[in-house]
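First chain written, first letter: the chains are A, B and C, and each begins at residue 1.
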Amino acid sequence: MAKDPRVTRIEDLPGPKSKGEMDEMKMPYEEYCKKLFDVGNEHTKPIALKGIRWLSCTMYIFTPHSVANLAELGAEVIKIEMPRMGDAMRHTSPFNECYLYPLHDTRPMTGTGLGFTNANPNKYFLTMDYHIPEMVDIFYGLVKKSDGLTELYRPGTLDKWKMSYRYLSEINPRFIYVWGGGFGYGPKIFGGSYDILGQAHAGLASITGMHEFMGGHATKCTNWVIDWQSGNLITCSILAAIHHRRKTGLGTMIEFSQVQVPTRMLGHTLPMYGKFGIVRQRWGNWDTQLAAHGIILCGKSDFPDADNPQDQFCARYVMVSAFQDQDFAELCAITGNKGLLDKYKAHKDRVEGEAQVEIYAALESWAADKSRSEVAKILQDAGILAEPVRNDREVYESPHYRERGTVRWLDDPLFGDMLLHAGYSCGLMEKTPRRINWHWRPVGADNKKIYRDLLGIPLTQIQEWYDKAWI
Amino acid sequence: MCDIIWCKKEVGGKDCDTINYLDPYCFWDWEGTINCAECKTVYYIHMIKGFMFKGPEERPGEEPDTSPLYADKPFDGYSNYRDGIEGRTRPYQCKPRSWLTGVADMVKFSIRGRPVRGWRPQPPSAGLAGSFGFNWDIQKLTPEVWEEYQQKLAAGEVKDW
Amino acid sequence: MAEKKDVEINSRADTIGLMDMDVRPYPVTPPPSYEEVKPTYEKRKALEFCDWAEDSFKFEKRYGKDESLGHLRVLDIGLWRLGHKFCASLFGEAGAEVVSVEPPGGDPLRQLTPFGREEYLLENQETGEKCGMEFVCETVNTHCVTLDVETPEGQEIFTQMAKNVDVLIDGMPPGYMDGLGIGYRQLKAANPKMVYIWVGMLGQWGPWKDKQSKFGQWELEPFASCANSWVHNTGLAQDLLPRGKGGDPTRSGVWLADYVAGAQGFLNACAALYWRDELGNDGQMIEVTGAETLMDIIDFDITWYGFNASIKGRSGGWDPNLNQYAWNPCKDGYMMIGGQTDKLWYNIGFCLENDYDMFGRLIHEDPFLKEMGARNALHALIKTYTLTTRWLRDTNRVEAETKLMAYQLAAGPLLYIDEVAEFPHFKYRPWQYVHETDYGPLLIASSPASYQLYAPFRAKWVGRDLGFDNYEIFLKWTGMTQIKVNELMAKGVI
């Protein structure tokens, strides 16, 4: 720090300190962001959760994903699976068609299905049978070295094996223990925990899908959305608990119900029922609070000669949004629906139920002789927000996701060329970027690394346990 | 949906004995004629909330409005007719590819032409207690696939995207 | 105590007030008592553990416990959407001091109400100010101030506020804040410890970055879920229902991508704060988008394309990876049944064949269905669910659940919100509860992170009048006293 007031150092002046900084301040914002996130160079940058070690006694999607977030942020995550079998999710694959091999050398005809993707990147894979009391002692050794664990067993199960929070917090008071399951304490405490149950049981399914009056049905989301989002929310709780631990020096236990999560995401549904007694219904591809703001069917697919049926038959939908007055006026003009504009000048008028039925029927009638891209282009050229509903291939080919590194190829260390989606960019971070090292590994792939290197178990002992199928 | 038509029409001296499955959602509330996937007999049905309110009544000579998506024969070891067979079952178009096999697809190369470990069996390569390293020595473990990859490279079939 | 009243209903307006929480109290039937639940714990020989769990996590104890992020200061600015708001709510639920900046005219989201019906706007009991339910329930533990950041004075004030925040959530269009001189690269010099999160739909940069219409209209959900194949992959096949009448790609009933982006925003920010505080570093910029955070959790769909050029299609209420794992129509709605492993698969058969023996026969005899993986073939799904629904058409949801659970199967009815609110378990361990808000008692959803030993998440207040906290926040955060606040209000800066 300069002491002599006659001396002015550039470091003490406001503003950029170098040409580089000045360029940074002046460059167009978009370019600045692109430079900041430096897609492709993530591995050389610092790790956000450096030093955190987490145990994953998990299966399926919900609890594994909660720790996959940690692993992508740089924590060392050890996944513990049953010997030879592995996580049940390894045995799921769409239409039974897509597997990667090997799962384990002793089962050469069994692979790990694509259902296992995205919930287990970067993890180290250990096998351990905790029914064996000797293994529980080894487990304690892991607990002493870790910051926490996530588990999904029926309540009381790990307690019986002396592995519950009550026991582990004695060994490691800083331990953060997370139970993720279907329901939590209460009459349905032992109920199974499925994403589809969450969607059905907690109200999300009742408001998703085409309207009853047109013959529609309650519709399941394409993905195990509640498993995944609950996993995200568990990660939120874990990180908050890690921060709290800096103050108290203590870990904690978190009981997290997956089936509960959709209820928290229902927006105005609950207050509307509580105060007005109205039970919200499905409203299809439209919006109950905005009009026009919906997905319309166009007359023709964009790729009628494609080989893949998704391209050939289903590339026919456009999301159209013109709820502000000027936009709606333009929409009516460009689609030859001046009458609609006269009838529904105010937003309040056009968002009513019957009005929406009329408006979307008119739009689809206008689109009935056009292809998806024709519809989108006409509307976009008129300055209205309209975008085609895109499929997986279009996502793959999208320049946007490629530039941002959202869709990228991963040379998986054991399985080869696999496509990644959004592992890096479900949170672009300037200084501590998320990163994916591998999709997953075979059952017990890191037994030697963890048992010998981390826990100091002799190689002969490891072999003995393996032969006995304790690991 | 919700229901089945067990076709008992006598054909060539024995009963047809084919189960035509009326798939859920489509037939939940439905009225019209449908053919048996095996003997093509046309039946009229009227389904309300999954119940067979009327039918199946034979409608000889009529053209069917639709066909089942699937049919099988319990007395024939469950041989079956899957979707999309002309004259028997209606097509199912909303598929991820134009054909589905229902068995593991032995993929050796990704869509951009680089090796991916999607086929079985893989030669054993684990170390102690199932341990693996961090590389796939494809050249050593499956040299024929490595060869194939070299040829693809030479032929310019391997792309960045 | 219910009393009879003479009521004349000639319009929707006449129904308002008839169902209020003080007229029709919640819950309609009381939750089960501990004595009624205890046998469930005992049956599985886990009474001691479950008692400990109840004692440790009881929802009603949350206010007595500490907050995990009470040491953080969060500033949030955005309009229209739920993404940045959900992110801010999570910080608020964890105890942070969260301040949300709106223009003097307010966030347009305040005006949104179902079907445009003004009678469904909530009214502040003290001030009479009205606000839409969507805005109210996603403004949790958040202070609301007004500031016109398009004025030089507004920018100056914002800059001062940003100097001492830990987290700044930016939900404005790409480059908007930067263009006004109050973006990340301008603010970070004065506050290098700040974690700046941009929450949007598609991105601050890139060919598909967030855009506006020619007239300045914003892109709102479901644009994000349409751009990442989520909508394309959701819905019933055109082979099961006619296209245009249900056999179409379908959006979620809620603005789904916003919630996912908000959650990822929070967790990435907390990781950044960990790197900052525990490991002794600075702040940074984070960008989360609805499209990408939702794509991250779209199962394996894009990976599948890279594997063998498969483009996922719609599978309605079914799942192509597991059988049984679906819901189908039943006598009084829809019923979900799950059971993939052999044990569960055969249990389903044993249960259903009690009433419909054809199920057991046609399913269990079929050699193709013996292998677990093979059951995922398309024709196997069609066969299985046809027969299951044949059983379901005769069964209502309560019956189905009782029968299936007797065979230890995961089965659940599809519930509407009134049923969700009255479901015994969801009352015992409250999924929703009555919170006394400034708008009167409201039924709101509890935070799923409210069941913790030490620092549960919780809602303290829900919804806030426009600019309600102007005086308090401008005083505490910038030293601005009321005379100056009033002056700036008159000028339209605040």
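By definition in this document, contacts are C-beta pairs under 8 Å (C-beta built on N, C-alpha and C of every residue); 3 or more make two chains touch, one makes a residue touch a chain.
Quick caveat, the model's predicted, so the values are computed rather than measured.
Asker: When contacts are scored as defined above, which chain pair ends up with more C-beta pairs, B-C or A-C?
Answerer: A-C
Asker: Taking all protein C-alpha atoms shown, work out their mean, then name the chain whose own C-alpha mean is nearest to it.
Answerer: A
Asker: Taking the mean of the CA coordinates per chain, how far is subunit A from subunit B in Å?
Answerer: 30
Asker: So what's the Cα centroid distance for subunit B and subunit C, whole Å?
Answerer: Centre separation, subunit B to subunit C: 36 Å.
Asker: So how far apart, in whole Å, are subunit A and subunit C when each is placed at the average of its C-alpha atoms?
Answerer: The mean C-alpha positions of subunit A and subunit C differ by 14 Å.
Asker: What are the residues of subunit C that contact at least two other chains?
Answerer: Correct list: 236, 238, 241, 246, 304-317, 329, 373-374, 376-378.
Asker: Among all residues of subunit A, which ones touch two or more of the remaining chains?
Answerer: 93-98, 215, 217, 308-310, 313-314, 396, 409, 417-419
Asker: When you check subunit B against every other chain, which residues touch at least two of them?
Answerer: Within subunit B, the residues that touch at least two other chains are 25, 93-97, 100, 102-105, 107, 110, 112, 116, 118.
Asker: Applying the document's contact rule, which stretches of subunit B touch subunit A when the two form their complex?
Answerer: Residue list for subunit B touching subunit A: 25, 29, 93-98, 100-105, 107, 109-110, 112, 114-122, 124-136, 138, 161.
Asker: Flag every residue of subunit A that touches subunit B in the complex, lowest number first.
Answerer: Counting only subunit A, the residues touching subunit B are 93-102, 104-105, 108-111, 127, 215, 217, 307-310, 312-314, 396-397, 402, 409, 411-419, 438, 441-449, 451, 459, 462-463, 465-466, 471.
Asker: Touching residues of subunit C toward subunit B in the complex: what are they?
Answerer: Going through subunit C, the ones touching subunit B are 236-241, 246-247, 304-317, 328-329, 331, 358, 361-362, 365-368, 373-374, 376-380, 382-383, 385-390, 392-393.
Asker: In the complex of these two chains, what residues of subunit B are touching subunit C?
Answerer: Touch list, subunit B to subunit C: 1-4, 19, 21-26, 28, 49-51, 69-70, 72, 74, 77-78, 80, 82-83, 90-97, 100, 102-105, 107, 110-112, 116, 118.
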